[in-house]
Each structure stands twice: as C-alpha cells, then as structure tokens.
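Each structure below appears as structure tokens.
Note that subunit A is present in both complexes that follow, paired respectively with subunit B and with subunit C.
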Partner chain A sequence: MRKLLNTLYVTTPDAYLSLNGENVVVSKGEEEIGRIPLHNLEGICTIGWAGASPALMYACAERNISLCFLSSSFRFQTRVIGESKGNVVLRKTQYRLSDDEKESVKIARNFIFAKVCNQKWILERATRNYPMRIDVPTFKESSKYLTEIMKRILVTEDLELLRGLEGQAANRYFQHFNELILQQKDDFYFHGRSRRPPMDNVNALLSFSYTLLANEVASALETVGLDAYVGFLHRDRPGRASLALDMMEELRSVIADRFVLNLINKKIINSKHFLKKESGAVLLTDEGRKIFLKAWQERKQEQITHPRLNEKIPFGLVPYAQALLLARFLRGDAEEYAPFLWK
Partner chain B sequence: MLVLVTYDVNTETKAGQRRLRKVAKKCEAYGIRVQNSVFECVVDHTQFFQLKKELSEIINEETDSLRFYQLGNKYKTKVEHVGAKTTLNVEDPLIL
Partner chain C sequence: MFTTENNESDYLMLSGIQHFQFCQRQWALIHIEQQWEENLKTIEGQYIHKKANQPFLREKRGNKLIVRALPICSHELKISGICDVVEFVRHPSGITLQGEVGTFIPIPIEYKRGRPKKGKEDVVQLVAQAMCLEEMLACDIKEAYIYYHEIKHRVSIEITEELREEVRKMIKLMHQYYENRYTPKVKTGKFCESCSLNNICLPESLNREPVRKYMERFLE
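Moving on to the complex of A and B:
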C-alpha cells in the first residue's frame, strides 16, 4: 500500500496559490504565508475564494494531486482534473457496465449492502458502549430491521427498488442519530437531515464532512484510473461525480458520521464555533473550521486493519483501497466488488 | 523519513554564488528551509537518493560541503525548536 500523504487546506480568504519550483506557495497580498514541497502532498483543498495559478494547476494534475475549491459554505465548486490518461480499457469496461442496468445493480447492491451494514454496526456498537445511556431495546429492534433490509438488498434486481430500500434504512438509522449525541445536547440536536443549506449545527458538520469525503473518494477513483463521473447507482448528470457518490455510500457512516459524533461527544467543537445566517443556514466559523480540519487530518492518520485486505493502513487510505478493489473487479480479477464492511 | 540537509558553499567567486543559489533551490524543491542553509526534507528512500545525487552534482567538492542527517520516521521526538521563526511540519495537519 502506498503512503498516505498530507492534504493542504487553505482557509485564509483571498489567499493565492502559486507554483515556485517544486513548491506550492500560499500568499496573501504580498506576504507569503506558507510554502510546501509538492511531493509531500496528496491533495490541496481551498475554502473560500482562494485562487490558484495555472502553473500550479498543471503541476498538480501532472503529479496526481487533487486540487479542489470549496465555497465558504463548503459547497463543492470545482476540481482540477488533468488530461485523461491511464487505463482506457478499465474505463471502457466501467462505461459498459454503467449502461447495463442488470450489471449496474450487481455493483450498486454491494455499495448499499455495505452502507446498511455499517449503519447497523454503528447502532450495535452504541448498545455495547453506552448501554446505560441509550434505549437498548429500540436500538436492537432497529438493528434487526436493518438486517431484514440487508437480506432484501441482496436479492434486489432493480435499481429503483434498491434506492427505496436504501432510503428506508437511512430513515431508520437517522432516527437514532440524536441518541448517539451524548454530550452538549442543548447545542447539538439532530432534527433530521437538512442540506443546501444545513439548518443546524449537526447538519453543518455532516455536510462539511461529506463534502470532504466525496472529494477524497473522487480523487482516489481517479488515481486508480476510473472515471469518477460515471456511476452505477447514481445516474449520470453533468458535473456530478456519480461514482464517487456511489462509493461514498458505504463510507459515510463509518468515516463521516462517526467523526462528527466524536467531535461533539468529545467536546472538540462547541456552539461557539457556529454562525447562524439570516436565511437560517448554519456555518462553521473560521476557528471552528480549523479545528474541524485538524481533527479530520489526524483521524486520517490513524491506523486500521482493512477488513478485506487484512493489511494495516491509515484510515485516510480507505477510499483508495476501495477504489483499488473496484478496479480489480472491473478488470475481471475479482468475482465481485468487495465493499468496506467495518467491524 | 526526515532528512536534515546542511550545506556550506564557498561564495568567494561568482561561480560559487551561483552554486549556492542552485543548491538552495534544489533543497527548496525537496523540503522546508528551517534556517539559512539548513533544510528539513520529508522524503522516501528514492527521493533521498535523488536529492543526494542532484546536490552532489551541483557542488564543487574541493571547496563546498554537504551534510545529510537521517532522522528516520519517528523524528518528531528528536527535533526541538527554541526561539523565533517556527516552521511548518509537512506531516502535521496543514491549515493555512
């Protein structure tokens, strides 16, 4: 497995990124605020209206460094992608399968199966870790319900039905989300998922982590030579990285949801780190954003044993490992796509 | 791993000054300048080999010198900073 490199986050408004030799230079006005060698970076992610020089964009594309721009409200804006290269045969197989509904279902099924399985795992784990603080019987009941859904997913041959089952599972899972918040309950109350814009603190955190994750998954897919924009479950739509969204399904709860719960339950983030706009939208403050990103980076460095590869890797490489497994399946080297089933 | 690169280039001649600039530029491509003519580079073995080779091709071995200190992967316990101008560590969360 390759080494997990660092990601540079630029949150200073009006910062400008440029290339100097082999370095990315971050400057604000005339002042240089940072300079990092490109070979230490896996990706660059800017938030707010940071600009970048064409030379840097080119250097990043050439070295497979993902360069992405988010708006100040963490909406994804743009990613810089280089010339299409890599494995044409692999991509063509991907397109063929994506056009074929029957084949698509087979892969989509695995994504969703893993998603529900991981959601179930989070509920199960809560019953073991905090039996005194949550209502164990209802959790157990929901866990059973999810098991039933998982069984139905395995025999589904229809994409619409699959989406329906996914929705049902997500509904049930998010019903319990509020109970998983154990600290700072006054400030962090989960009413249900709201996005574009997120309307409360919890949703603001969730949205931000999903955006970051989606971008990481998309660049992982492109690193192994797949097209992040052609999906199996999510249909094609211009400008939407459908495959990245597909693959994200199974990782959402394990990587993003759990990360958000940790931030709240360990009191790393608190109500002071949020801003409420007149429209009702909730945003993170500059400081909150920095704390969030720092914790996110540290989380990515933690070592886990990949359940399928049986190899110790940093958490941040999980999207890459999954992309490899998907490519392996599309190439015909594996019987089926092995999703990330967290234990 | 972290490699500390330090150099001494004789700048009495025009050619020497040119070598100094070249060495500094090369080091900058691989790492972070922590003091004048001291660089910290987080590199893997291949990159380290390249860096050594490229630098030794620039210098004049009669008058200049290079020193490489390999501090391994667990270098964080081995480096301490006192005084002004703290520098970035390229493996810590990078938020600017």
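Moving on to the complex of A and C:
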C-alpha cells in the first residue's frame, strides 16, 4: 500500500500559500509563518479565506497532492484537480454502469450493506465495552434489526427500495447515538441531524468530520483514475461529488462518527471550543478546530489490518484502499466491489 | 482504399517492451490504464537517464560519432521511442550518413540503473531499438550494449534472429491487448515484490475469497 503522508491544515483565515522551490510557504501579510517541503505532504486543506498561488496549485496537481479550500464554516468550496489521472476506458465503464440502474444497484447495495454493517458494529462494540452504561438489550435488539436489513440489502435490485432500507437503518442507528455519548452529557447531546447550519455541538463536529472525509474520499477516487462526480447511488447533480458521497456511506460511521464520539468521550474537546451564533448555529472556535484537526491527523496514522486486503495500513489510507478496490471491480478483476467492513 | 499513411498515434511505446517482458499486467496497468507510481528505483532511473537524455549534444570522439536521445520508430512493428545513445562507429562495411564523410555501423546503447538482470526485459528492449534503427537506416545491426549504472560497465548483447522473432511476437500481442484495452490477470510471484506498481495492482487481492462470501461473514 502506498505511504500515508501528512495533510497540512491551514486555519489562519488570512494566510496566503505560495510555492518556493520545493516548499509550500504560508505567509500572513509580508511575514512568513510556515514552510514545509512538498514531498512530506499528501494534502493541503485551507480553512477560511486563504488563497494560494497558481504555481502552488500546479505543483500540487503535478505531485498528486490534494489541495482543497473550505469556507470558515467548513463548507467545501473547491479542490484543485490536475490532469485527469488514469484511463478513459475505466471512466467510461464507470459512466456506463452509472447510467444503468440495474448495474448501479449492484454496486450501491454493497456501499449500503457496509454502511449498515458498520453502524451495527458500533452498537455491538458499545454492548461489549460499556455493558454497565448502556441499555444492552435494546442495543442488541437494534443490532438484530440491522442484520435483518443487511440481509434484505444483499438481494435488493431496486435503488428506491435500497434508499428506503438505508433510511430505516439510519433511523434505528441514530436513535442510539445519544446513548453513545458517555461524557459531558450537559454539553453534548444528539437529538437528530442538523446540517445547514449545525445547531448543536455534536452536529458541528459531525459536519466537520463529514466534510473532511468527503474530501479525502474524492481525492482518493481521483487518484485511482475514477470520476468522483459520477455515482451509483447518488444521482448526478452539478457540482456534487456523487461517487465520493456513495463511498462515504460505508465510511461515515466507522471513520467520522466514532471519531466524534471519541473526541467527546475522551474529553479531548469541550464546550469552550464552540461558539453559538445568534441564529442558533454552532461553530467550532479556532482553538477547537486546531484540536479537532490534530486528533484527526493522529487518527489517520493509526495502523489497522484491512479486512479485505489483509494488509496493515494506516487508517487514513482506507479511502484510498476502497477506491482501488472499486477500480479493480470496474476493470473486471473482481466480480463485485468489496466494501470496507469493520468490526 | 489504399493509403501509405501510418497512423502513428496507434504506435506503442518502445520502452513498454521491458514492462511487458517483466509482467504483462504491469505493462497493461502502465500503458493501457496510465497508472504510475514513483518510487526510489524509478526516480533513480530518471536520474541516470538525465545524462543520456541530451538531444542537442552530438559528440565526435576518434572514430565514433555519439548521438544521444535519438527518436526512433518502426512502421513495421508500430512502435516508437528513444534510444539513449547511438554510437556510429566508422567501418568500411557500414552505411553512409547524411552530412558525414565515410561509412558507419550504428550501435545502440541503453542506460539502466542497477545491474544485469536475470530476466530478459532489458535485452528485448534493446533488440527492439536495434530493429527500429535497422528499419530507419536500412542497415543490419549485429551487436548492441546495455550500460549498467551500478557496475559502471556496458554489457554486449548479440542481436540474434531468435531474439528478433521473440520481439516481433511480443509486440504483436501487445497490440492485440492494447486494441482490446485488455488488462490481463497474471500469476503472482516473488517478482511482484520488486514491481513498482505493487500498490496499484494489489496482486494478492486477486486471489481472495469471493466478495459475496466476505460480506456474508459479517452477517453473523
């Protein structure tokens, strides 16, 4: 598996990024505040109003370093993409299958199967780790319910039905999400998803982690030569990275949700790291972002054994491994797409 | 209809022959699927070729005319590429060259990192280069060299008719695969470890349990 390098997160809102030799230089006004060799980097992610020089954009595209811009509220704005990688035949296969609902559903159901499977194992894991703190029988019951849904997903041949099953599973899983918060319950509670804007601390954390993950998945897909904008479950919509959203489904709970729960339960983040706006919208403070990103980076470096490849890889390479497995399937090496299943 | 024009955009890269000889799947991943990943060895290879890759340097040394980075092709084989170095050695039985007095025998020299390999991948590439030169210069080439960076020595290779035939067959197969955009699955082996595309190819994952079984294991 390839090497996981660092991602540089630039959180200073008025920082400007430029290229100097083989380095990315971060400056604020006339002053240089940071400098990192490009060969250490896998991605650069700027948050806020930061700009970057065309020379740096080109250098990143050429070296396959993902360069992306997020708004100060973590909304994805744009990503720099270089020359299309890989093979036009692979992409045409992707388009052909995407246009064919029967074929699409076969791929989409594996994404969703894994999504529900990974949600189920979060509940199962909680029954093992915190039997004294959670209501084990209801968790077990929900886990069984999710298994039944997984069985139905495996034989689904209709996208609408698949979306319905996905929705039922998500409802059941999120019913327990609040119980998975074991610390700082006064400040962190979950009563449902709110996205634009997030209206509570937990949603603010979830939104941020989903944005980062979506971006990592999209660049992984493009690295292996796939078009992140043409999906199988999510239909085409201008400007939407549908395939990245498809693939994210299986990774959301296992990468983002668990990460967020960890931040709260281990008290890495606390109520002081949030700012409530007049509208009720909740934002992470600068300090909060920094802590979040540092932990996110550390999490990516943790080694896991990939359940399908049986190979030790850093957690941060999971999106890349899945993108490879999808490309493998599309070029006919595998009879089905093998999703990421995590106990 | 009859046309003398060749569709040169369909020509394959000569350098692909070494990949094809090493592993057909590796060749397909690089040349059909345009996958590439730099590693220490590939960077080292580029570095070594920097020296050979000087198209504007033409040198006369004694009875030799040394030409670097010479673009070559064969319309018969439908391949094109670049010779690192061609030495034109003055010889009575050689060929005449435009703008030069006397006759010369062309000798292609390929630069390689590392040392002579067990496999034939470097040899077949050199033979294909010789065949291109033979076609372009209307001459016969009996001998060529591979310069190995690690041992700092050139190794002589005899361009035999058997080798030529082998190369013709190989290139024919490469064209077939290319036209069908076919990436073969091939046997994996120890040689996979030294492959620069190991991470992209995932050779091991080709031999796994069926995906369906893998998924069903998680229903328990």
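By definition in this document, the second predicted complex is superposed on the first by the 342 of 343 C-alpha atoms of A that agree within 3 Å, B and C clash if a C-alpha of one lies under 4 Å from a C-alpha of the other, contacts with A are read in each partner's own complex, and residues count from 1 in each chain.
Operating definition for what follows: a contact is a pair of C-beta atoms (placed from the backbone, for glycine too) under 8 Å apart; a residue touches a chain by one contact, two chains touch by 3 or more.
The structure displayed is predicted, hence computed values, not measured ones.
Visitor: Applying the document's definition of touch, where does A:37 land relative to subunit B and subunit C: first, second, both, or neither?
Guide: first
Visitor: Looking at A:309, would you say it contacts subunit B, subunit C, both, or neither? Reply first, second, both or neither.
Guide: Touch partner of A:309: subunit C, not subunit B.
Visitor: If we overlay the two complexes on their shared chain A, which of subunit B and subunit C does A:225 touch? Say first, second, both or neither.
Guide: It touches subunit C, and subunit B stays clear.
Visitor: Just subunit B (first), just subunit C (second), both, or neither: which does A:254 touch?
Guide: Touch status of A:254: no partner.
Visitor: Is A:123 contacted by the first partner subunit B, the second partner subunit C, both or neither?
Guide: A:123 sits against neither subunit B nor subunit C.
Visitor: Is A:7 in contact with subunit B, with subunit C, with both, or with neither (first, second, both, neither)?
Guide: first
Visitor: Tell me which of subunit B and subunit C touches more residues of subunit A.
Guide: The partner that reaches more residues of subunit A in the superposed model: C.
Visitor: Please indicate which partner A:60 is in contact with in the superposed arrangement: first for subunit B, second for subunit C, both, or neither.
Guide: Neither partner.
Visitor: Which partner does A:325 reach: the first (subunit B), the second (subunit C), both, or neither?
Guide: second
Visitor: Applying the document's contact rule, which stretches of subunit A touch subunit B when the two form their complex?
Guide: For subunit A paired with subunit B, touching residues are 3, 6-12, 15, 20-23, 26, 33-37, 39-40, 290, 293-294, 296-298.
Visitor: Enumerate the contact residues on subunit B facing subunit A in the complex.
Guide: Listed in rising order, the residues are 25, 28-32, 41-44, 47, 88, 90-96.
Visitor: Can you name the residues of subunit A that touch subunit C in the complex?
Guide: Result: residues 1-2, 85-87, 89-90, 110, 113-114, 117, 147, 150-151, 154, 224-225, 307-311, 324-325, 328, 331-339, 341, 343 of subunit A touch subunit C.
Visitor: Write out the stretch or stretches of subunit C touching subunit A in their complex.
Guide: Of all residues in subunit C, those touching subunit A are 32-35, 37, 181, 183, 185, 199-200, 202, 204-206, 208, 210-212, 214-216, 218-219.
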